[in-house]
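There are two complexes below, and they share chain A, which is joined by chain B in the first and by chain C in the second.
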Partner chain A sequence: MARGTSPLETMPVSRFARQTRWSLIVLTGAMLAFLYLPIAFLILFSFEDAATPGLPITGLTLHWYQVLASDSAIQSALLTSIEVAVVVTIIASIVGTMVAFPLVRRGVRAPGLLRLGFTLPIMIPGFLIGIGLLIFFRQGLHPLIDVQLGLYTVVAGHLVFTIPFVVLIVASRLQGFDRRLEWAAADLGAGPWRTLRHIVLPLIAPAILAGALLCVTLSIDEFVITFFLIGPQQTLPLYIYTQIKFGVTPEVNAIATVILLVSLLAVTLGSILLTSSRRLRRRRAE
Partner chain B sequence: MTVASDGGVPSGPAAGSSSGLVKRFGRALPALPGLAVLLFLFLVPMAIMFVFSFWRTNNDFVVVPEWNLGNYARFFVEGTYLRTFIKTLIMAGLVTVAALAIGLPFAYFLVRYTGKLTQRVILLAVIVPFWTSYLVRVYAWQAILGEHGALNQILQAIGVIKVPLDIFNYDDPGVFVVLTYIYFPFALLALYASLEKFDFTQLNAAQDLGARPDQAFRHILLPQIRAGIITACIFVFIPILGEFLTPTLVGGAQSSLIANLVLNFLRNDQFAEGAALAIIIAAFVTAIMIVFRKSFRVEDVVTSG
Partner chain C sequence: MVTNQPWPGRPADSDLAEPVPAIELRHATKRYGEAVALDDVSMVIQPGEFFCLLGPSGCGKTTTLNLIGGFIPLTSGDLLIEGHTVNDLPPHKRNVNTVFQSYALFPHMTVAENVAFGLRMEKLSKADIAQRTREYLELVGLSGLAGRLPAQMSGGQQQRVALARALAKRPAVLLLDEPLGALDLKLRKQMQTELARIHRQVGTTFVFVTHDQEEALSMATQIAIMSNGTVLQQGSPREVYDRPANRFVADFVGDTNFLAGTVRRDGGQAVFDVGSAVVDVQGDAEAGPATLMIRPEFLALRQGDATDGPRGLTARVVNVAFLGNHTRITVSTAAGEMVVVRPHGTRDSTADTQRELGEEVCVWWRTENAALIRE
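This part shows the complex of A and B:
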């Protein structure tokens, strides 16, 4: 009795099977509704023409999107976010991929410890990372240099948690990598760099790309760490936060909708990339 | 050094063997930039925070090296801190239980009753919003909760309730619901990863041998997905210890969690006091991770997207 066949064949022996199945279906439906209803409301309210969003809906409008398009504060915040995300993604993708190699291929004495080290920043609440860095920059480094909070400190904060994601994703792809391909390349006279460039990198590229996409979304959406490390400039989440704190304008719903849809797209794309690379590898292994 | 295989493939000429320090260093070299970031932007700041928690903030808001335990003593002496901390633990515990209660049947359903394609689509549907803006997802609840929020309005409109329900106000129950909303996908991913590896014919075998379904569940299934359950718990419980946004956006005046109190110190530039409170949270997080280090698998959650 294999999994993944028709539901009837996978039915358990229990005579409660049918009820179980239906209650599970209902539960799943309810869960998906729970996940998506808030998002649906947010999108709905972004089209509402009342000044205070909420039910009942009195009329629909594109007004808030027009306001959005002509709001220079939002645009500069968006640009700042993109700027940070690009720098973070480039550094994190390169540095993270570099770490993955010795991690998987036993270039270091204690891969377990290294792995733990790069797991910690993912597990530790961003709150603690943010506070630690804030105290570090504001007071810890004070006797040596005077660090001004700004985009550099934000980038530093984002690197702490994005690099580990790249490390884990690339390492998990590298784990199943068929090293005979590299040996074949070496047998045929390719040096280590050439092998890396023409054999290894193209094969793990989907994982690196997925990692990079993840970095972009994580960095653009990042709120907690940025909250502590931002200077006079504002990233988009920080701008939205101030708007929310100082009175909700329906414009916030519009910008939130845009962010949500863009990151939905990026994550879906990244996820498809990741699975397709995994499937490719599985097929190759068979 | 053991010459172990890399993912089932036999080690080749380049792997293993003690071929000198230089070569070893050369192979570790690519990890250095990453290690530098880890060291200088994570471990050192944490260490400094730890040291500062035993120092004192002077009147110019500079942390000065006067060693004392006052920052910690405050935690135990002034009731607010301990009370809020315990409240945070209870809240995190409740959300963890809720996430398991939702995640386990959900994951079970996915693995057991749906085909590979449906599984992937539903899983994707769960994962995708969970990688999108945390701030926006918390904010989305502001319009749903509250006395005139969408939930009250809808229930009134369809006649289920006559007056707005207090339970939907910006208060602790609301914080609980939103936290569950934010964190239960973690639990689902961890549980799914472990259930997917489970061979369900074992349940049938157990029942053939006379076990009741609940016995088979308890003695066969549960022990084998233990690691998944622990991973799920950790991934829900730990982040809530650092939650300050949700209480701020959808909580009431009394909904502060421990992280909000740390924030109050930082707002007043009381870094030493804030550091002590943050270290208490960090100590808790570290203790949880050390106790369960053998059982939790970050990769299950991170790379299954």
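This part shows the complex of A and C:
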């Protein structure tokens, strides 16, 4: 409201403009509460003293974090999740970046169709990807090789929906890339490879990094596809799911809080990198 | 300091009977599908020249520059740089460098890194790179700003960085694509002087693209005027201004008055019929329809009618515009309106400038200052 000094915003449209504005503010507050209150409770209960969390809070403790630190089952599940996430991120970042180039630079016949093909998996429900891959690995490939379900199949499943995100992010960065810079690099004696290394990659690096961070978050969070494709191992979301069946202990709240913080950190870092690079681009355009 | 000594690899002019042209185009043609951007152009640019490609937008001047830079391939014909055919040589292997219209500075590198980039690609030693970067930043007057990012600099400063970056490679030819287009008028004038100085100092061949005739006239040693993918005329600024090859050139370079009429032999003397009036033209002119071209500054006004003294046209003053260092007088004659420009500060012109609107005068000129153009 304080910044609403432009005549466009203060133009008296309706006699109830003031009331409308106030009720919109209240509605916005209610929606934000709906989005974030559950998470706030999750974090709050991770510090709850009692074994069965509930209101009112009986006392604050770091006990559940200590339990977490000595629980080897949950730690190995976390480790598995990280392993998968790292492999997925590396492959998805490289493949996604490579795919983005021909899509943006008209190196292919039908870039629009191909772009759709590469980004559609985002819109396919996870359980369809899971079932589809399961059938493909167990039945489709069976006559050729006997694929054992395990972390490899989970990685494959995660790649299906993470690569499109990298493609989208890197492609949008490439879209705004001033190709005159490549002319300038060639003009100054840089061949195609050195132009890529010294000019193009450094300039699209923020986008690749943002894509990679998103991959980490998506992969660690993933449940449905993993559920279909995993072997004897357990990733963290799967482990928590199995634990919850025996009742929610505050330990789960503690691990959820840790994951939440790490995810938030990764996403914030990614968006900061993206906006700072965008700001740089804008400044150049001025 | 940069001197104009030839660097290794470039033969000294004295070694050769005839200097090898810096750039030579032989029947160069560039087509985009049906559209012809450059139509069978042949052109020779001598080393050390400040060569200006001048023309309206879409005339093929930037296409020519991009062809020389190697960014677009020729459809047919040949391109020679220092006597070597380079038709299929990619840009990074050509001994020419470009100052782009948008400067195309690398936004993630500092000013010094931008200038050093081309030298790094040449795999020069660290000490050489540092030394040469310093040298060329000094040449363009940016020594103190080596650590800045391009985004932190003004347009004029970015322009200088682009210039230093291209010159640091010590190319055989420096290509400049409307580099002053984005600058405001005052800065543009300043950079024109600056560019001319730098050209004299480094002695490299400059090929400069512009649509601004004043810019071309003030800086170039040679001008090629282009239109519709062809070169209409090539010559020194004075040649192009004083003896334009056709109406387009006369019209594009400077302001001009055109009089359409017919050349007639009257005894041993050639005269020019303009409507009902007759004026003198230079003696060797052939008979036939033609256009007479006179620059506004060669026109003079005098009192009285057209038959008294050298022959001229009867005219009426329709507008007088005082522009500080000169006055622009528009007169209406039977052959159409003519523009007369009289400078201040010369004794013979002061009388002319005090003209009343509607006054009847005679507009006249010296025969040798008018040029005949045949279409």
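One rule holds in what follows: the second predicted complex is superposed on the first by the 271 of 286 C-alpha atoms of A that agree within 3 Å, B and C clash if a C-alpha of one lies under 4 Å from a C-alpha of the other, contacts with A are read in each partner's own complex, and residues count from 1 in each chain.
Basically, a residue touches a chain if its C-beta (ideal position, glycine included) is under 8 Å from a C-beta of that chain, and two chains touch if they have at least 3 such contacts.
Small disclaimer: the values here were computed from a predicted structure and weren't measured.
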First (chain B), second (chain C), both or neither touched by A:169: first
Touching partner for A:269 - first (chain B), second (chain C), both, neither: neither
First, second, both or neither for A:67, with chain B first and chain C second: neither
First, second, both or neither for A:223, with chain B first and chain C second: first
Contacts of A:194 with chain B and chain C, given as first, second, both or neither: second
Per-residue touch tally on chain A - higher for chain B or for chain C: B
First, second, both or neither for A:31, with chain B first and chain C second: first
Which of chain B and chain C A:203 touches, first, second, both or neither: second
Touching partner for A:184 - first (chain B), second (chain C), both, neither: second
Those residues of chain A which chain B touches in one complex and chain C touches in the other: 178, 180, 183
Residue ranges of chain B in contact with chain A within the complex: 1, 4, 6-7, 9, 11-16, 24, 27-31, 33-35, 37-38, 41-42, 44-46, 48-49, 52, 62-63, 102, 105-106, 108-116, 120, 122, 124-129, 131-137, 139-144, 148-150, 153-154, 157, 181, 185, 200-201, 203-204, 207-208, 213, 234, 238-239, 241-245, 249, 259, 262, 266, 271, 274-275, 278, 281-282, 285, 289, 293, 298-299, 302-303, 305
Chain A contact footprint on chain C (complex, rising order): 69-71, 90-93, 96-98, 100, 102, 104-108, 117-118, 121-122, 150-151, 165-166, 169
Touch list for chain A against partner chain B, complex: 1, 3-7, 10, 12-14, 16, 21, 24-25, 27-28, 31-32, 34-39, 41-42, 45, 53-56, 95-96, 98-99, 101-109, 114, 116-129, 131-136, 138-140, 142, 156-157, 159-160, 163, 165, 167-169, 172, 175-180, 182-183, 214, 217-218, 221, 223-224, 228, 237, 240-241, 244, 248, 252-253, 256, 259-260, 263-264, 267-268, 270-271, 274-275
Chain A residues within the chain C interface of the complex: 178, 180-181, 183-191, 194, 198-199, 202-203, 280-281, 283-284
